[in-house]
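In the two complexes below, subunit A is the common chain; its partner is subunit B in one and subunit C in the other.
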Partner chain A sequence: MRAYRVVGQRVARIDAREKVTGHALYADDVILPGMLYGKVIRSPHAHARIVHIDAGAALRRRGVKAVVTGRDFPDVKFGFTKPTQDRRALPIDKVRYIGEGVAAVAATDKDLAAEAADLVRIDYEELPAVFDPEEAMKPGAPRLHEHAENNVSAICRFNFGDIEEAFRVADHVREDSFSTQAIMHGYLEPFAIVARYEVVTDRATLWAAKQSPYIIYRNLARGLGMKPSQLRIIQPHVGGGFGGKHEPFDLDFSAVMLSKMTGKPVKITCDMEEVFLSAYRRHPMRIRLAVAARRDGTLLGYRCRLIADGGAYAGVGHMSIYLAGAFLSLPFKVPNLRYDADRVYTNKPFSGALRGHGIPQMRFAAESQLDALGRDLGLDPLDIRMRNRVRQGDKLANGFVVTSCGLTESLELAAEAVDWTHTHGTLRRRGAKVRGIGLGCGSLSSGSRMGGHDASTAVIRVHEDGKVHLLHGSPDVGQGSNTVLAQILAEELGLTMDDIQTTLQDSDFLIFDPGTYGSRVTFTTGAAVRTAAAEIRRQLFEAVSKEIECAPGDLICKEGRIVVRGNEDRGVSFLHGVRLCYYKETKPLMAHGSATPAEFTAHFGDPKQLTSGYGNLSGSYSFTTQGSEVEVDLETGEISVLHFASAHDCGYPINPTLVEGQLDGSVAGGLGQALFENLETVDGLLLTPNFTDYGLPTSMESPQRSEHFHIETDDQFGPYGAKESGEGTQISTLPSIVNAIYDATGIWFRHLPITPDKVVKALQETYGANYLDHPFFNDPAARRRSGGADGRGNGRSRREERA
Partner chain B sequence: MTPAGDGIERAPEAPLTLRVNGEEHTLAVRGHDTLLTVIRERLLLTGTKAGCTNGDCGLCTVLVDGEAMYACLMFAARCGGRDITTIEGLARGAVLHPLQEAWIQAGATQCGICTPGMILTAKAFLERVPRPSEVQVREAISGTLCRCTGYMKIIEAILLAANSGAPQPAPAAASGH
Partner chain C sequence: MISPGVRHVRPREYQEACALLHERQAAPIAGGTELYLRMKQGVATPRSLVDLTDLPGMRQIERLADGTLRLGAAVTISALERSPLVAEAAPVLAEAAQRVGAPQIRNMGSLGGNLCQETMCWWYNRTALWRQAKEPCYKAGGSLCHVVDQEAVCYAAYRSDLAPILMSLEAELIVQGRQGERRMGIDELYSGDAAFPFTLAAGELISAVLVRPLGEGDVAAFAKHAHRRSIDYPLVSLAVAARGWTNGAAGRLRIVLGAVSGMPIRVPEAEALLEAAGAGERSVAEAAALVAKHAKPVRNVSFGAPAYRRHIAKVLARRLLGDLLARRRASSG
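Take a look at the complex of A and B:
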């Protein structure tokens, strides 16, 4: 039984008052004296040579101060790893997608900037373009980058165990194809930056909507030909990230350069349509997946071929396809794996990280295939999951080590929440509406080791008045990490949340850590906070022990006091201890701490490692099972999500309310991808450039009921036993919904999103024009006999073959 | 590439008196200036957020004569003499409005970018429907997007505010939808 006072409690967010009153400052809220407004000029062509840029007319317009093009930047490319350095601040030779930034203007107000952008004349020579990744790989296809033959930007080739043998001895194999669409992150704050270059110091200060300033720090400096220390990055509040605000963009480079050219601060805020057109998105993936199983449902092996549509640039796409393959097995134990993935350049905005990063696509395929396998073999999908689940202490074929695991409990809880045993496979129809339930599992790493430096740092200063100030290098993009870190600090020092203050990041005051991605913050930065807090305690205890004449080792921090363990009347108040340090010892009370995942993980900043795939990605892994109930309107094809139960092992929920917020948000995002959202393009032109056409879920589409179950597994490495909780649950959402639709309709949808028109078409194709009268929707017994339309015919049973 | 000269041609401006959060401001606006532009860039009340600036997200919602409106779709010139409330007008010093308190208690803010518009939408709604059902709340906020919360805790917060300090119980079930 834990006896924490702050950790584990539903304390209010540390930034809540600022946010509900409108006082929280975001990048676009920053206004500086003399500030100019910039506007990026974007390519109307999917693939074209930039022949000439004439800024004369724009510059002659009064109030227009400067125009910047690719030629104003140093001749360098940047990127995630050496082999993927393929981007420039702004392109100089050609554009590679519609919406790519080509130039930017700065003017004294926004309207003028927009006008000036129209006056810049850019002559293009159109080139043949390619939009389909498989077309792009064919010989003779238009080539996007000189260095990339067949337009392949990254590959993975994993081979673990003996895949041939697995398929030889299997009782049953089946192979299926899947595809997923491009979706956006859906942050509602558009890109924005304010940059102020100071010529006297040759430094630039930036306020930008970014979730990982370290990555901009490095790449922006490189693209600008500056040293990282010449940039000062002040982190404002961020209006949502979800993996979408890591990279430096055209507007970031342009704002700094325009400020340098004009000597004035420059603000560039994109409008939302520009975000739709130019932002990176989730990789659309085509997945061919073959599974080998025993007749009892034991998974023996997976053979997977994956082609990812990478868009025009590499970004972190190598990591994305690595992750898709790395989670081919987890949350299940599959001993033999073969994974061949190619990420391909096409003339569309590039693809990158998005909540769950590469994994949701793969788990959608693998987990919905499990339900089909169940139908093939006459097994309950829950039993198949139970049979193959990983457990604490397991080492997987690709080198992952499971240090704590609540998957069993999560399966039980989620199944119970949707009344699995009595409900799955039964006919529940009212009028034209049928209901079904589904399960999906997921797992995610709690931070990993990537390129660059990997440590998190926390700096703690205790003021003379006893208030404790925390600075750390991982921005809170809304998930609540600042609150969680403050809770950890309060707990460590025996204080309350009222005693803790935090300031958002500023690169002049601390060391940025790799950033807010891969669900690393609580796990890694939390450990750094604990280390720093221990050092504060050491200094305090030394001062206090002299005062009350005891051994420093006998002291503890408790309820605002520093007291002798076992004799808690003896001691001083925390404030008194602080004053002893300052006034008696004459030592300011300050400490820092660092933590790194390096001790338990392989180094995935190395492209070779990403390609071959072996190694432990993270210190620990979260586990989730989600049970969902959907209702399908057979007449209209519309699907509503009635109930969503998430049973989540995040080790230990340091703030249950925040964890629930992450679960709900993940579900809403996954639901959007399953049913609605689509960045649909024709010849590279986006057909859905606003939220309504795109299909971002509103309150009407989110689940009618949401339930959360917290499973505590007390991870040995995570602070207070905590693990990842921000992204993992978006992984299980897709298969959970897809499987529920499968249960309701007998149709297994393998191509996302599952829109009403697709549903009606599939119903007609499967059950005929009068599908409402089909036994599947009328006779409960028919349902049990049927393997479902798509669940049959594809699998081959070895047993039958041999017979 | 920097031009010479500095006199700038602009669209004509007309004087306007705006009453925002109970305070009168007289300023010159151009015909195409939206209420959102004026609130954020002229009055520097940056609590009102700009998302799509196109009537598609609800981030810019303010109260105009008590009604929740998308400020990005309203011309400032047409708001003279009307009572405008922005998020800055809700708290009295450090004393928060019950909806703001409910938001904090329920954990209904994450990144916070939707929070000002959402709270004002909720305020206008609760004034019309003081004891709403959950379904009514869902419908009332369906014009404002939130990507972070999945709306769950926002709905909870609104119901919490509706029920706080309320002598009579909330109606049991949804009606009329």
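Take a look at the complex of A and C:
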């Protein structure tokens, strides 16, 4: 039994007080003497050549200090990997989507900057544009980038096992098509940056709302023609990331360059509409998925064709389509896989990482198809999942290794929470409302190796007064990682939360992490904190052992004291130990530690590896099952989520309250994609450029009841056995809801979002105009017989074929 | 961006207010919840804001000697929601008020502002940056409509949450002008042209709304359908008010549809059907079909697929009118 005192406890967030009292400093709160305000000028065209930019009238305005355009930057492109280096600080030749930054102005106040932006005259020559990825792949389609023939920006071609054989020997095959929409991250803090260029040192200091200062550091430096060491990045608090604040944007480059041009600090804060128009979003995906199975439901193989709408630039899109394919199998064991994916350029804002990164789209398809497969074969969705689930020690077709796995327990717990055995498939109708339940499973990597610098670093300094200070390289973007890391440190040194301080990141004081993405922080940075803490203990124990005459190896840290193991009366207070180091040994107490996922993972920074797809992505994988109950108003088509039960194996919850916050947040995010959100564009123009039109769900749309089950599998690599918990659960939310809607209505929705108008239309088309009177909604026996509207029509059983 | 040079004035007399409003590019303001947003987007560009909240009686809710409920036009939506006088005279109005925006918006937004809420369209209520990508439409002073460009008509939607219920209650408005005060039915407020939706002349303002209380035998109900349960404007709303409905009198019904046109729409044919003696289940279905027929939504707002909004109009009508009929039967039986 574990006997932790701080780890595993529901301690309060260390930044809670600062945030709720409004004292936390965000990028837009930074005000420097002499600071100018910038404004980015954005393209009104989806595709156009930039003919001429005339800033004369703007510059003649009193108070306008500078205008920057693409020509003011070095002639370099940047990107995630070499083949995908397709972005510039600001474009010079042409614009590729409506909202793309073209130039920026700096003026003495914000209003003046906005007025000056209107005075900059940009002449464009409009070009034919393309918005549909399949159209864009056709010969003769408008080409976005010279280097990309047929507008293909990245591809994946996986082939594991023997797919032909799998389909040949299968008892049953079926093939279905799916599509998902573009959605936003929905962070409440828009993009903001303050940049201060210092002429004398030729360095720039930045305060920016980013979740990965390291990626910015590299790409920003490249786009600016500076060395990373010329940039100092001071991390303010961040108002949400969800994968959306990795890339450097027009405002970041412009602020630094405008500061360089004027010799003054420059602040640029976007409004939310600018974020909607210019930020990256989740990849819309079109998925054609064929499954081969045995009669008993054993999955033999998947053949998948995927086309991802990449928008105007590559970003990390190669990784996105890799991940969609990498999780074609997990959380289930499927021996034969064939995956062909193309990510295609279109004249829209580009697509990138968003909570679950590429995986939710694929699992929505695969797991809702699993229920359909069950219907074809007369198998219960729970049984078919149980039959194919992965277990600890499994090695998957694509090289994934499962080191710990609580999927079995999670399936059992989630099924029990929604009373699966008695409820699923039954008719539960009251008036115009019917209820249904669904299951969805998911799995996610706990950090991965993305190429370049991949290690996490922690620096611990112990003050003379006994307080311990932690500096580490992974920004807390609201998920609470600073609290978790402080818990780990307190536990390691036998202290309480009150003894730990943290400072937000500053690149002049420590080495940055790759950043807060891919659910890596607790897993990797947590390990770095433990390593550094062990070094602090070593130094302390050396000093204390001399004082009380024992072997350093006999000492432990416990409850604010350093004592002899097995004889805990013998020892000194932690503070006394610290003072022995400083005053007697005259050695300041300071240590650093680092950790890396490199030892157990393949290197996915290599484009070849991303394309062919083989290799273990992560040291550990989390597992989830979510059971949901929905209520569908058959007349209005509205869907309410009544109950959501998340049974989650995150190895070990270091802070159960924070883990539950992540689970609820994931559910809200998944529910938004399933039912509410859509970035709807017409000819590249976004019709939902604000939170009102976009329809982000509010607390009123969140599940009325939410349950959490923590499954402890004590992972061998994660700190205290912990694995990821930040985004994996968003993966199972989509299929869980989609399957519950099927249970309620007998309709399988394969195209997201499932808005009320689509529900009504589908009901009318499936059951006729008087659908409320249809036996499916009135006769429990009829419901069992029909097995729902998609029935057994789509799948083809080989036995039937032979007969 | 709100231009820095905007003047804010706070008159204390109606004559002064009307004179100020008669000046070029003057706009009335109370809570500002709608106007400020339009100013930020640059679709409203007033040079001066005439704050109406200090005018006499503007923030008052009272019962007049004859029992009429008098609501000052600058009364906040949350005051309507909480007022015991409203709860007593027309509880359905408090119910509708509760469905406006979100609590913060209701704390600032006013009754008059809600009634004079501009028509909206997802091709129009946009920032200058966004609008640059499209040619200006009729409402923006241009010569086309991005929704339906067949006739020279603007297809923006009027989405006030309070107008339909007030119209079904046959509310009257007190209008102040430079020539003094006049009184008109709320239905006279609307021009029918979504590009210029109101009939108020330059220099005129609404000072109060008069509502004849619901008495014994009167029944009223309101339903709103929106994308989410809070914050959103309606995709369709429906208000019904029946006077002398459950006390054996002849009964007089008003059915008003909201959010599917440039103004609230009354459906007199449906009213007549249900007013008729012997109206039954079949009449409800027929009336609901008539309501749906009158709803002519177009693709002008998010999540507002026209066929769906028409369907919802029918569902809301069936639900509200079915309930109404049931109550009449219950009272006579």
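Methods note: the second predicted complex is superposed on the first by the 802 of 803 C-alpha atoms of A that agree within 3 Å, B and C clash if a C-alpha of one lies under 4 Å from a C-alpha of the other, contacts with A are read in each partner's own complex, and residues count from 1 in each chain.
As a working rule, contacts are C-beta pairs under 8 Å (C-beta built on N, C-alpha and C of every residue); 3 or more make two chains touch, one makes a residue touch a chain.
Predicted model only: the values in this text are computed from it and were never measured.
Residue contacts after overlaying the shared chain place A:114 against subunit C, while subunit B stays out of touching range.
Of the two partner chains placed by the overlay, neither subunit B nor subunit C lies in contact with A:506. When the two complexes are overlaid on their common chain A, residue A:698 makes contact with subunit B and with subunit C alike.
Look at A:238: by the touch rule set out above, it reaches subunit B but stays clear of subunit C.
In the superposition on chain A, A:687 makes contact with subunit C only, while subunit B stays out of contact range. In the superposed model, B is the one of subunit B and subunit C that contacts more residues of subunit A.
Of the two partner chains placed by superposition, only subunit C is touched by A:755; subunit B is not. Counting contacts as defined above, subunit A residues 111, 271, 273, 692, 697-698, 700 meet subunit B in one complex and subunit C in the other. Within the complex formed with subunit A, the residues of subunit C that make contact are 1, 3-4, 122, 126-130, 132-134, 225, 227-233, 301-303, 305, 307-308, 311-312, 315. Taken in their complex, subunit A has these residues touching subunit B: 10, 12-13, 15-26, 28-29, 31, 55, 59-67, 108, 111-112, 185-190, 237-242, 261-262, 269, 271-273, 477-480, 657-658, 660-661, 664-669, 690-692, 696-700, 702-703, 706. On subunit B, the positions that touch subunit A within their shared complex are 1-3, 5-9, 11, 40, 44-54, 56-57, 59, 86-88, 90-91, 96, 100, 103-107, 109-116, 119, 137-139, 141-143, 145-155.
Of all residues in subunit A, only 42, 44-45, 98-99, 111, 114-115, 118, 271, 273-274, 277, 635-637, 676, 680, 685-689, 692-695, 697-698, 700-701, 755-757, 760-761 touch subunit C in the complex they form.
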